[in-house]
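Per-chain residue numbering starts at 1, and chain names A, B, C, D and E are given in the order in which the chains are listed.
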Amino acid sequence: MTEYINLVIAGTVQGLVIALAALAISLSFAVARFPNAATGDTMTVGAYVAVLVQAATAGSLLAGSIAAIIVTTLVSVACYFLVFKKLERRPLVASLIASIGIAFFLRSMLTFFLGFEQHVFQIPISRALNFSGIRIIPIDLWLSGIAILVLAATFVLLFLTPLGRRMRAVAADMDLARASGIRSGRVMIALWAISGVLSAVAGIMVGIKTVVTPDLGWDLLLPAFAAAILGGIGSPGGAVLAAILLGVAQEVSTPFVGFTYKIALSFVALIAVLIVRPAGLFGQPERVR
Amino acid sequence: MSLLSIENVSAGYGEIDIVSEMNLTVAEREIVTIAGTNGAGKSTLVKAIMGLAPRCNGAIAFDGHDLLKLSAEDRISVGISYVPQVANVFAPLTVTENLQLVEAVADQRARIQEIFDLFPALAARRRATAGSLSGGERQQLAFARALMPKPKLILLDEPTAALSPALVLQVLQLIQTLPGLGSAALVVEQRARQCLAISDRGYILDSGRIVMAGEARALLADEQMTKHYLGRA
Amino acid sequence: MTLELRNISKRLGGMLVLDGLSFSAGLDELTGIIGPNGAGKSTLFAVISGFQGGDTGSTRFDGETLDGLRPEQRVGKGLARTFQVPRPFTHLTVRENLAVGAQDQAGEKLVDLFVRPWRVRAQDKAIFERADATIDFLGLGPVAHKPAGQISGGQRKLLELGRALMSEPRYILLDEPFAGVNPVLIEQISERIVEAKARGVGFLIVEHDLSALSRLVSRLLVMDRGRLIADGAPGQVLDDRTVQEAYMGGVVS
Amino acid sequence: QEAYRIGALNPVTGAGNTYGSGMQKSIIAAAAEVNAAGGAAGRKLEVLAEDGQTSAEPAVLAAKKLIEVNKVNAILGTWSSSVSLAIQPMTLASNIILMHTSSAPTLFTQNQRNLDWGFQSGSKYNGRAMAAAVKKEGFTKPAIMSFNNDAAINNVGFFRKAWEAAGGKIVAALTYEPKRTSYRSELQKVLAAKPDVIALSGYLPDTTIILREAYELGATAKFIIPDWAAGPALLKALGPDVSQGVLVYGTVPNIAGAAFKTYSAAYKKALNTSGEENVFGAQAYDMVISLALAIEKAGASADNVAIAKEIRAVSNPDGEKVTSFAEGKAALKAGKKINYEGASGPLDFDEDGNAVADFALFTYDKGQYVKRYLLQ
Amino acid sequence: MLPYLVTIAIMIGIYGLLTLGLNLQYGYTGLINFGHVAFFAIGAYTSALISLAGYPIALGMAAGTVLAFLAAYPLGLLCLRLRADYLAIVTLSFSEIIRTVLISEEWLTEGTQGLPGIPKPFSSLSQGNADLAYLALVATAMLVAILLMWRLSHSPFGRLIRAVRDDEDAVRAVGKDPAQLKIKTLMLGAALAGLAGAFYAHYVGYISPDQFLPLVTFYAWIALIMGGAGTITGAIVGSSLLLFILEGSRFLRDVVPFVSEVQMASLRLAVIGLGLVLFMLYRPQGLIPDRSQS
């Protein structure tokens, strides 16, 4: 039993780590209407900035995080202005391919200036709390707390503020939004800024749990996308819940399918759910009348 | 002084002009109907006024503003509302949220209540998402949203299409009350007979040009009009 | 020779949109449906055409049950429909849109395409001849070679109708064919509908334009809140007090 | 004299990027050293570098370019087995010498004409060294964790073979996937078998995460890891507490030897970091020197098959030990038999063409990386 | 130089076939298939295993093509109800599942060790001539595929699949089953990818699971988009351009001498990334635009 509880904990933490990435993807997917493959590398940029600033400021993670958030927000908004804005009216694939290009470019800049060595956050490593065999690692608690906080903030922003309403309106129909006097440009800037902030936090979380390398974000893109889709695009809660579900499903399955197939298993789960609910767990299906 | 004055406007999507050399005015508190054959360019003209046509030359003045210098969003804020012909509600948002999107009103909550009083069908479905509304309900919602900011001019692209007769009457009556509320209306309509009946003036379009303009009553009486554009009474 | 609905119910988003609806309509007749906005008319069409499954009830078409058939299979039986909000193939030209409507094309089957190319060519030629005739009749000539994504709202409605006609069905469900269509053209289309009827094609027409509709149909059904509240000859139905209250706000137009 | 052209096909990007550029710089530096000493049999060495991207398809195209466009005589420094395996048919077909650091056993079975040389002690030797260390440290219940790739799996595979041949038992074994955000469930599974040592065969990033999580979970088992996943970077990542007592096995670069000093100085000059951090750098350096010595011995007009035949003759025992190209050249000129003692080790090739090096056990102690003893 | 160019030409042919399959799926039918590499892998492994088992190479290639064709069927069934963008992620996942199977089922695939020594055809010829003969073979396959595509796209079938791309429900409303069409194009495209995979395996001679990463799919997409989706020539122009960028950047060093090799690699990636972005911005319809898509 404790074995399974520990597996669930392991899965939950892994899920939470990619949950924020999934959230960033889900959000920009919902509003900008394409899966932004640059999200991963924006995360990487965030992680690098944070880890370098932390090293430069004698270990201040806060300073690192703030710097990271500022930089990724700028990167994200810059991507919008320079690229995505101009592709707004093109098919989804155009923006998608461009975002892959941006992803490559961001990564190449990191490796050009910083090389390939791994970096690590200076975080005290402490032993897990042990409740008769059920182990909880303190840092995981912190990360979970932050993830939940960020999620709550996003939720409030999206569903309880006028900005969120405008964002959903632009997501639904950009032309109509403009024709209704909504300054879609500003809404998009807000969106990309939020997505940048989320990416930074997600990148830092991943960086803390693992090590900071140039591939950090790119490697998480697929699981994050899977979570975003499984949750239902445009459903931030769904993205996070799906990320955790996928994480837990993966880890709990390991006694049965082993450690290689567990990754495939989460994709199988994704496909299985989509067969039953084609719009994801919490997505709104479109009806024909 | 007219509220809206369009001079020598040509507009289109690609190289060719869909509407050309248009001249048209709307005075304050005036109701003007635009009618014409399908594909004549009525919607294109309205889009040009709103800044949504990809290409537009000429001069459009509104209430002292040079519209061609303003972005579509800004044209709304100088006092024009617009209800497109298709896709005119935000499907994933609820009815109330659709209305709340209009933020340039003093007391939004009170205004929404007024609107709901005008459209009881909407009030009944206020928490439903707009996407689940019937065709006619959507039309009402779109109209309602345009009324929210109490615009000086309201552009309606076929507001009565898909409405039941009762609602057609209601909408026409609503349009009729607009001058009283301080608004002018430019209405594109295929139910031209009924619409002209409540209008001050009208324009008839065919193939991107104005083929006839004048007092509503005069147009209604014209034999040629009936034969080519308005149909039997 | 009837379209027969028995006890159709459909619940959507917690609302009973269709409430035990039953009627039967002759396949060689013109039948109209009116009713206030939101009465469930389009939903009824969606159920008949198979785009939405009904919660209860059954549909029979010329004696055969349609239950469980997918929309495309129902078209195969000769039952076509149009959408209230037109759905053209936006990247195909108007002409191609119409061509897609034709049934049983050899050229759409991979095997025939390579094994019997001559048959494909001959058939396609015939199809385009019919498409061009339809274009003439609907007045879509000026936009025949335009991508359908670039035609006006009213033109889309016409195209929607044309595409349904191209499939040469025995029975067509028309959802508000006249909304947004120029009055002069409405008259022309009405004439064509009558002509088609003479050739044995039946129509079930949802329409709010009462004057056009009542000139056209011999029988009028009135829906309100998912139920049938009246059924009869147009003149008689429109005089009915309940109908006037439910539908026309007590005022006759 | 026509120059002898060397293609440096290293994993500059991709999974091997930690080592690739160091390898390439070492090759360039070694070639410069040879040229400074007058070239090999009078032939200047010319280096043409390409990025193999640690991936078969780009490597094939790069090799094709090196062979066909640059007309190289040898390709040096392919790293992963997948790359070496993919280009081997091409090099064999074109009579080109291939020097690699890969361990796939099939690589050596194709080597009938002795054109291919492995400079990294293959999996066989790694596995044996690991078994020797585990035994010597007195562990009785080892478990295995391996990164899911060919080289890592082969390493632990040979460890298992050696250990079980000596009558030992493995208490748990699993293969883990790269690029996971956590290895907690993997650790849980292995630790449940209560091993006293875990033979972990992976690379730096995953090793970092696994060691950290093992510490967090309160694991008491020791870890033994290969040197390419260790080094100062691991210490920096984990800190003294977590790294305390982690065992590292690896080939002993001839740190005291003269060759290593030359290599190390060149490496420092080119990359501004210590050559000790890059085991493959020393191997890449040695590739050039031994190749150059073989050319020297075979003579200016020798073809590749003739040159390759001399590799063992200039590297394996039973000759005068030399530690640089210049030294070796002089000895050869004097008609002596020589035995090049390289920077990466004694560089003695077995019958398959695989260099056999000395292994040692290292450990982290109070934040220091210390050598414990040589392994037999 | 010539043998190198021949190699590049062969790779262009292989990517061209891959891209042509994708063109049928996306360019015409609008299926966003991000799992194309799965079929490439199935073709490669099938053909490699069969020929390694001693059967003729031609048999292996045919089997690889057919198996890829068949493997698309279940995926098609799964994907029918999905929205276009969801399909992208599901197919991407599918390709990762396939790769995991290739890694894990060692009894068949040798796992991460991969399959070395895959026989090459024309081995009786000298290497240069063998490559030339191989190129001729690839080019022939390509030509056949092009003729096939041309016939498909200029036919009522082509019209119908373009209709499916626009609106599936409307297709059903005219009595045609979009599901069948989507499955058919998915399968045909997969068959082309399978054939490309077989050519790849026998040319490179060694395959392992890490050669079948999603990156291959991206490359095919990049080729398709650069060339111009929905056109046949676009697929070929695109894959040529792709190889030109990938390989041409090797010669970049001659132009930019003052960076290290690591930085060079970064620069290559930067060039590719930036190139993609600029392409999308300034030539979004591809080099050979599809005229119906204005």
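Here is the rule we use: a residue touches a chain if its C-beta (ideal position, glycine included) is under 8 Å from a C-beta of that chain, and two chains touch if they have at least 3 such contacts.
What you see is a predicted model, and the numbers here were worked out from it, not measured in a lab.
Asker: Going only through chains that touch each other, what is the minimum step count from subunit A to subunit E?
Answerer: Minimal hop count between subunit A and subunit E: 1.
Asker: With contacts counted as defined, which of the two, B-C or A-B, has more C-beta pairs across the interface?
Answerer: Between A-B and B-C, contacts are more numerous in B-C.
Asker: Could you pull out the chain whose C-alpha mean position is farthest off from that of subunit C?
Answerer: D
Asker: Taking the mean of the CA coordinates per chain, how far is subunit D from subunit E in Å?
Answerer: Taking the average C-alpha coordinate of subunit D and of subunit E, the gap between them is 35 Å.
Asker: Just give me the whole-number Å value for how far the CA centre of subunit B lies from that of subunit E.
Answerer: So the centre of subunit B lies 50 Å away from the centre of subunit E.
Asker: Please report how many Å separate the Cα centroid of subunit A from that of subunit C, as a whole number.
Answerer: 46
Asker: Hunt down the residues of subunit E that sit against at least two other chains at once, touch-wise.
Answerer: Within subunit E, the residues that touch at least two other chains are 103, 169, 262, 265-266, 268-269, 294.
Asker: Where in subunit B do residues touch at least two different other chains?
Answerer: Answer for subunit B, listing residues that touch two or more other chains: there are none.
Asker: Got the subunit C residues that touch at least 2 other chains?
Answerer: 12, 42, 51, 83-84
Asker: With touch defined as at the start, can you tell me which subunit A residues reach subunit E in the complex?
Answerer: 29, 34-35, 83, 86-87, 90, 92-98, 100-109, 111-112, 115-116, 222, 225-226, 229, 233, 258, 260-261, 263-264, 267-268, 270-271, 274-275, 278-280, 286, 288
Asker: Using the touch rule from the top, collect the residues of subunit E that touch subunit D in their complex.
Answerer: Within the complex, subunit E contacts subunit D at residues 1-4, 7-8, 11, 103, 111-114, 116-117, 120, 127, 200, 204-208, 210-211, 246-247, 250, 260-262, 264-266, 268-269.
Asker: Note which residues of subunit C are touching subunit E in the complex, please.
Answerer: Listed in rising order, the residues of subunit C that touch subunit E are 49, 51, 70-72, 74-76, 80-83, 87-93, 96-97, 99-101, 103, 105-110, 113-114, 120, 124, 127, 147, 163-164, 166-167.
Asker: Please output the residues of subunit D touching subunit A within their complex, sorted ascending.
Answerer: Within the complex, subunit D touches subunit A at residues 13, 17-18, 148, 174-177, 179-182, 184-186, 188-189, 192, 204-205, 208-209, 212-213, 215-218, 233, 236-239, 241-242.
Asker: Help me check something: in the complex, which residues belonging to subunit E touch subunit A?
Answerer: On the subunit E side, the touching residues are 26, 32, 78, 81-86, 88-90, 92-94, 96-97, 100-101, 103-104, 169, 214, 218, 221-222, 225, 229, 262-263, 265-270, 272-277, 279-281, 284.
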